[in-house]
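Naming follows writing order (A, B, C and D), and every chain is counted from residue 1.
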């Protein structure tokens, strides 16, 4: 029987697992305690140059840094690389702006049970985006390899599939057991964006609830933009050090963005705005309608606050807070 | 089909019965989660539900819309990460996973990446693996729930996203996937299927009420096996239906709304 | 110039990185929700057979499972393997009982600023213990490899040293960059012992403060004995899921042992009893004196409670609680 | 030496001066930590102190007795793990580490494993690497603080536990250790030493007050280099001494108790 042992993969490696180069970068990055609060506009201007490789934290419609993603579209950033690690609404936003032209895809164009984004599909079917395939675990472990400072990690998944053939992984033989393993290369994004529950002005940041891949992502990125529901005193961070996921020396920008995951869900704060997410999907069916939609909501708004007012408004935000099932316990207040 | 239950309800009940008590399962949203919740509320109260984004054993209040959303965490035992869930699978701690897919072949391999021939310019771009490749590689038993037609049950996948038995017996082990893992059951709109232990090819174990062997053949693009004697899928019990409608999915998100 | 490139290592691998065997073990391990509360004596009788490979959590004199270590000595367990991952007082206890005859050593015989244990030194110099060398990071990453379910992890440390030569690691070439890396094999201990702040009767366990290597250790061990300051309702675990480090299906025994890290420090509960630790070291100078010391404190006591009464007593424990600098905040009460 | 300060106090002050502000350091207990605390309280208020067991940037109240004890966590920014600290080092985020050792050679290699020839039956068993091998492999700059005598400054180590420059220039990179890392300074009871940038051999940069070149030679088992012109180590300032005695080590755990 012919067995599908894949020794060569054909995917493009968009970012080299250059751990020594990354070490030099991290060595040069300032660890001085300084106030990094700035507007989202300034953060994107300073830290998201055209052509950069971008990674987005959270999980597609949950705890995403919507304000930064919008601003990337608003500033018409282009030729970005993008890590599609369970990207759903975040992918939809950047695809709307045609901001990226290469993508490491683990989960793209879909919005889970909500269906597929018509516009993101069109963009990915157009030939304008070069794609390399991964799985959620292996793309996450690429961040982990980077966070650990090693050029690759071994894994027991991907093997034998077209996903692997179209990845940029390799097979290796275990030096101890001789078994075949998949090796996935470290991924150091040029810039990452993560939305958190609270951060101080220096960038010490805490996340309530599951962290998805953000622990590793925060450590893998060369630059890191944090948006936060609340800016708090450092003392508040120090009172609950178990909750700290991101120490300040990883962070380049701290942006105060309440409801910053809207229309996504922000655990412990508000649930997702399914009506507005459906409105995006609906508008996307027709390109002309969608262009108008984007003109209204993104290009026509000054900033995320403008978008929030237009798309939701105070009453709707209050509803979404009421819909949130995780009530913040006094312990994490 | 009688009016006592819908096809969706039958499928969820059949799916739920495959899940043993006291086991672990990484479950996605939609029908698989409805099945797992039904299992928890009937014969498998200690079934441990894990979500690939990091939620661990929540006291599930209702069906989440995302495998990362707040409902995957309500009353959870641990707020973890995707790495924690995926490495648990890789370590051999997770018994079941439950997947869907746009195309499936006779070895239970799945395509959820694209329709067409050129990945860089596909006819239809689909989401890709997500966690499916990992979960089907690493969990002990993979269950699949899917509509049953020739567009889905195909002789050859456009893209092999997620491993079933690959090219047949021994193929998973040969490429390095963990020994003893693989496809377990397929719950379709027509039947409950398993796999021949020797050839690892798919075969029908029971036909849903009212479905014939010819119906299955007419809707399957590859040569489907049939066990003998061939059973009829047991209908949902009144208790299963009550729990499903009242406790699992009162909003009808999965099983649809019922006429008053 | 001759450069010390070490291609062959001479250390003995005491435990194979057999990930498929470990998978079968974990698959067969029950995940049924059951009450696992038992005495330390019963836990050691059931889960620590002679010859087993043992790993001890915490950090030597901080959050160690003293009661289990004593009971292993008391039951005169022998021919154990032992993972010396910053083992200090825990090492001292097991060396006192001559319980192990092979050791993966990263940090042994020392008690940090307190000096070296005379008895542990004698035991390690006697030729009775076969030793393989590692560093703290690499021995920890051996647990991590096991926890991740992969047979090895790559690392950039150890290389070029006698520590590496006397390890059971290997050098590998990175499949992406070609650079030389150290590969360290997964370590699945037969049994682990970890002391925690709170656990429910099923074994869901929470640790306050740093976790050292216990997250990975708990996942690497085939059997896991938990000792806990408090047994709590599962609802208390579910109220603060951010603090949960160990889910119940990893756990085989839950033993209620207040002050279970004594004479070590238990962060948020009590500081270390330096006077009693010094008493051990002092008694060890002379073998006959030490034999008497052990007869009094370990062999002559029924259990850890007996030891605690003899060595400390209520007044001393109250003092140690008063000396503890981390006051439990209401958040983690 | 005058009576104004002790040798221990001089060494701690010299060590503290090597640590730049706004940098990260993984520090062990004892003199290295006293030095780091002194640096924080004088010229380097933003020096970030990490402990290998997982403590991150505590507001240090006093000297811990263990690198994992409660004093490494008081007011800390994050309760992490050894993995977090060691991977940060491996990623290139940590500037300094500060070690001791039973033996040191001319390339700054350290032995803390054993005295003797047979690891399985050593003459003297020492603790082993602990985190030292990792920290000296992965942090950018390694500082060493040690008494200075021929038993410690040896021509050949009994066991190379922790890498300095190994066999000289280029050797670290050749075995795969991260480029640009290595020994930085040695603070001994006699002198402050650095390394020749070309040969990577140890050389004295300044002699402590009252110490001669011959004193160093007589107490060093290998050929020690000397920079020219050779400086005298600056004495502790009154302010350094005050902070050290009053704020860093009021109990005299490291610097000893002073006569009243």
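The working rule: contacts are C-beta pairs under 8 Å (C-beta built on N, C-alpha and C of every residue); 3 or more make two chains touch, one makes a residue touch a chain.
The model shown is predicted, which means the values in this text are computed figures rather than measured ones.
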| item | value |
| --- | --- |
| Result of counting contacting C-beta pairs for C-D and A-D, higher pair | C-D |
| Chain B-chain C separation of Cα centroids, rounded to whole Å | 40 |
| Distance between the centres, which are taken as Cα means, of chain D and chain C, whole angstrom | 28 |
| Geometric centre distance via CA averages, chain C-chain A, whole Å | 37 |
| Residue numbers of chain C (touch at least two other chains) | 19-20, 149-150, 155-156, 179, 181, 208-209, 242 |
| Multi-partner residues of chain D (each touching 2 or more other chains) | 73, 79, 89-90, 138, 178 |
| Graph class of chain-chain contacts, one of line, ring, star, complete, other | other |
| Pairwise chain contacts, counting only pairs that touch as defined | A-B, A-C, A-D, B-C, C-D |
| Interfacial residue positions of chain C with respect to chain B in the complex | 19-20, 22-27, 30-33, 146-150, 204, 219, 234, 237-238, 241-242, 244-245, 247-249 |
| Chain A residues within the chain C interface of the complex | 13, 16-20, 149-156, 170, 172, 174-177, 179, 181, 183, 185, 208-209, 239-240, 242-243, 329-332 |
| Of chain A, residues touching chain B in the complex | 1-6, 58-63, 84, 86, 88, 105-110, 112-114, 116, 121, 124-127, 130-131, 133-138, 140-141, 144, 155-163, 166, 171, 179-182, 208-216, 265, 267-268, 271-272, 274, 324-326 |
| Residues of chain B defined as touching chain C within the complex | 21-24, 46, 48, 56-57, 59, 73, 75-79, 87-93, 95, 138, 140, 178-180 |
| Of chain D, residues touching chain C in the complex | 29-30, 51-55, 61-62, 65-74, 79-83, 86, 89-90, 109, 113, 119-134, 137-138, 157, 159-163, 166-172, 174-178 |
